[in-house]
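Presented sequentially are two complexes of subunit A, the first with subunit B as partner and the second with subunit C.
Now for the complex of A and B:
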């Protein structure tokens, strides 16, 4: 192989207005790992196929997750990426950083890894891309010395993540950052040592806009909601009207339950019919905000297609108080009942969503001790094949 | 070098230490927000306002790129920055006079500002050929070429509503594209090629058999060694078996490619969350710039931009006009592959005579 890096195909990705990852990677091509990554990627672009081996088992002493082994399938051509492991670093709640803290992590990664990252991975972690087996323990020691720890991988509790919540959003119905921090710390063992049937992802969104895509992407979606009336600032409504904003077309006609009316410059909402879709609050942020009786709805089983098809999460608990004063005990209690039932009756590689589909919602609710409620379904069954469990029996003397 | 004490199970640091003082003071006390211009927000709290500048990021980024961002944060945002769930970089500014110089310096470095409200935000995506064993296409490259085409929709807010694009390089969908307005999904189209010489050593037979959602895998014996066979008529190339058994690779340069899906959404706003549905079953892998893919995505975006009403997401627009009209307006060919034949397929069949003629 020539020492000179030639990437005519990848060079085409340096054109155009969108930031080029190729230009960025090339800025580090003096490093053997990055140079060979670019070389192997150029070959992939030429041959239209990937050249990575199936993952291998590597990790940190005492941890079962957090590192994903990756090896080039053609190390003789690209020795720099013969090992190219991923290290997942647990992000802070809400993905907030200071320059100083991020620079410290980058110093560690520049010294011990390729210098390439994903900020962030789909589950939420900082993803440090590309290092060798012998660097793993030094990376771990230096990260933990700066108070960082690894995230999850494999059949464990995956790194919980959350939206920006009360840190910068007026719609947050509970403290997503605090709950994420709490759950992540309480379940460190479950996060670092895979012992589940399959992965278990938890995402916290502060309102039904669901900015973390919890309903689609997490096994447990904890989504902020309120029970009482939407708060209305009528003077701000009047300002929207005076400014010529078309409340009729853009708010009232878009309301899914048609529970909003405008009389002059006064907005009225029949909150008993409101389904908390948050459209009106999104469109009129200066005038409307969620009610004061706030908590969360909990839905289970969202996932991508593997194995049995994609699922949105199923609403299990329509409202739960998120009580920080009480150490979030209700959430822990529910979570542990779910894990216990899934652990006992779930199958290998069966996500909680597929588990619920297999055992049925009825059995699942009984198993975790949650009452059946019409809020959990879109309609009652329309088939008559009912398994009755109670019978009258002839009284015997 | 001094040895460092080994610590485990310490969890992530507390977020409190990364919050801008204005954010700390107004935590949970925000009154409202406003969009000042494309990519710039103000959040007004009880004791002050915080200004957010949202910048694009390729997500696959080097420490050089991150140091550029942290340098700008130090210079203009008191050293505070964050990332969004779609991998945008957000600078959190206490001083609104710093907005323009920050945007200028980002622009000088080729980093656009935008992605808010009625625009296309950063594209969520996976590893692709850069770093994954099961990729059917590249992800970072697809994002780059698609966003080069759709750049104006990131830096301006001129769409009917927000538009979320995601790229996943195989059916594993680490990018969870199944609920995006437009999804670009890499796929394999041929069954795994079984390496019977290594399979007995590399793979657990019962796990491999159980991995198939269509029960297409059966144990068999070849030259006295237990291995597996695949009923190829039942295989839909999902790659589940490859996930548990490395001796069943799917990569096929001739047949791997890209599919396009539309109409998904996550938010509960107005309508319930929706899955994406198939628009284009197959486009060829044509690196480095995938012209067929960029043209197809741009067409869908432009037809949506022209025809949807304000506050209609792609899926809401299609539900209003109906799928036949979607195929008419976009000129996308409807094929037998659009008919579902997996689990719950029947729920997608029309059980009425209601159609537009």
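Now for the complex of A and C:
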């Protein structure tokens, strides 16, 4: 790092056992943009205030997303970060890269940007941190020439993302990679041209382990699930028992619905009581696997605490076919009905989860044409002062 | 019947709406869609309005902006931009 840059406050962040982004930045401080980034950050820590200005208009011609504008509020002190825009690049499904692909990206970014990256942002994109307005179009041209594209930002469909799915995981109940690819290509307009009330994130996880944290971090979580019984290989169960593995303690007692029993070396599961938490499958991977009748559950409304508080997703559809041969028609049909109802009745900056809370789940289900189901609620009604239309109809009859 | 109004006409109408709101209210894509739907009713479809917005943006007459939510605005130099 350059000798004249003193960062005593940032240096504190390098202490302790964890890797530090300050150390990473210092390793690149021979670049003016990175050096001034460190300088402005140190000043922010010293003065206890931020020095970034929001840039709302910068972007690529024709695109409404993919670039997040930032300017320094004190460019005279730190000219290297006078412009410090972020570029989001649509990541490949499951974050599978070749070294060649990563080198392509970095060659472009070294030439036109700071060289700093965040792999990956919370939505899933590759995040390229720090460039100037005049470099945006050249970056875009070079990225698209190599078949890359920008991701989403603003009130649009955010870049869909997924777990590694069947590429490396035997628990995957559907092809998360194929569905992510399909949704990304089908909704290019929605991804690049903001047309919604607010952002809409879709994450695909192949099983209830939910490795993309879709339930907490996406407006639409598509979670792989099965309808029939968990598959059991009793000979593998016997091997676990013979090896001294304590199935009682590590599996049976941890089952949330207590639907598992062990008789001798034979494991039995009452699948009618199974809530598909997949704990048993995770602990006994050689003996247990998801059932054969596979699809996905769809939950809506997860979000981080921006505008309103954080929300966990609500289950809307307990099981839906995920059929690649018919172009994932069932998913698209539902998705478009959701967008249409939200578009018509949602408010500015209202996420789908907040929208459902405002209009009520009952109204929302009617609006998108989904039947009410027991799986959509967490507990039976306990308030005797709430009445249902059906009761009135019965009395009338 | 949808498709009766040329896309260029819709884009012109939308541009007019954006121009009249400039400096007063940031309009979203939905606001433009509602404005032309109110004018033409079922003579236009949702795909027509999407195509008109695409034309409006790709022609450079309007740009996307972001401040909290996304909007469609006349091109201008924003106050926060440094030289």
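Methods note: the second predicted complex is superposed on the first by the 368 of 397 C-alpha atoms of A that agree within 3 Å, B and C clash if a C-alpha of one lies under 4 Å from a C-alpha of the other, contacts with A are read in each partner's own complex, and residues count from 1 in each chain.
The rule is short, and it goes like this: a residue touches a chain if its C-beta (ideal position, glycine included) is under 8 Å from a C-beta of that chain, and two chains touch if they have at least 3 such contacts.
Just so you know, these numbers come straight off a predicted model, no measurement behind them.
Looking at the shared chain after the overlay, A:64 reaches subunit C, while subunit B stays out of its contact range. Touch criterion met: A:91 reaches subunit B, while subunit C stays clear of it. After overlaying the two complexes on the shared chain, residue contacts for A:116 are found with subunit B alone; subunit C is out of touch.
The partner that reaches more residues of subunit A, of the two candidates subunit B and subunit C, is B.
By the touch criterion defined above, A:83 reaches subunit C but does not reach subunit B. Shared-chain residue A:343: touches subunit C; no touch with subunit B. Shared-chain residue A:19: touches subunit B; no touch with subunit C.
Across the two superposed structures, the residue set of subunit A contacted by subunit B and also by subunit C is 53-55, 62-63, 189, 348-349.
Within the complex formed with subunit A, the subunit C residues making contact are 28-30, 50, 53-54, 57-58, 60, 63-70, 73, 75-76, 78, 80-83. Of all residues in subunit A, only 9-10, 12-13, 15-25, 27-28, 34, 37, 41, 44-45, 47-55, 62-63, 70, 84, 86, 90-103, 106, 109-110, 115-122, 129-130, 141-142, 144-145, 147-149, 161, 163-164, 166-170, 172, 175, 177, 181, 184-185, 188-189, 192, 208-213, 215-217, 249-250, 254-256, 276-279, 282-283, 285-286, 289, 304-310, 312, 348-349 touch subunit B in the complex they form. Within the complex formed with subunit A, the residues of subunit B that make contact are 4-15, 17-19, 23, 27-28, 30-34, 43, 50, 52, 56-67, 69-71, 73-74, 79-85, 87, 89, 92, 110-112, 124, 126-135, 138, 140-141, 143-145, 147-148, 151, 154, 168, 171-176, 178-179, 207, 210-211, 213, 238-240, 242-244, 246, 251-253, 256, 264, 266-271, 273, 275, 285, 287-289, 310-311, 342-344. Across the complex, subunit C is touched by residues 53-59, 61-65, 69, 71-72, 75, 82-83, 133, 153-156, 189, 193-195, 197-198, 343, 348-349 of subunit A.
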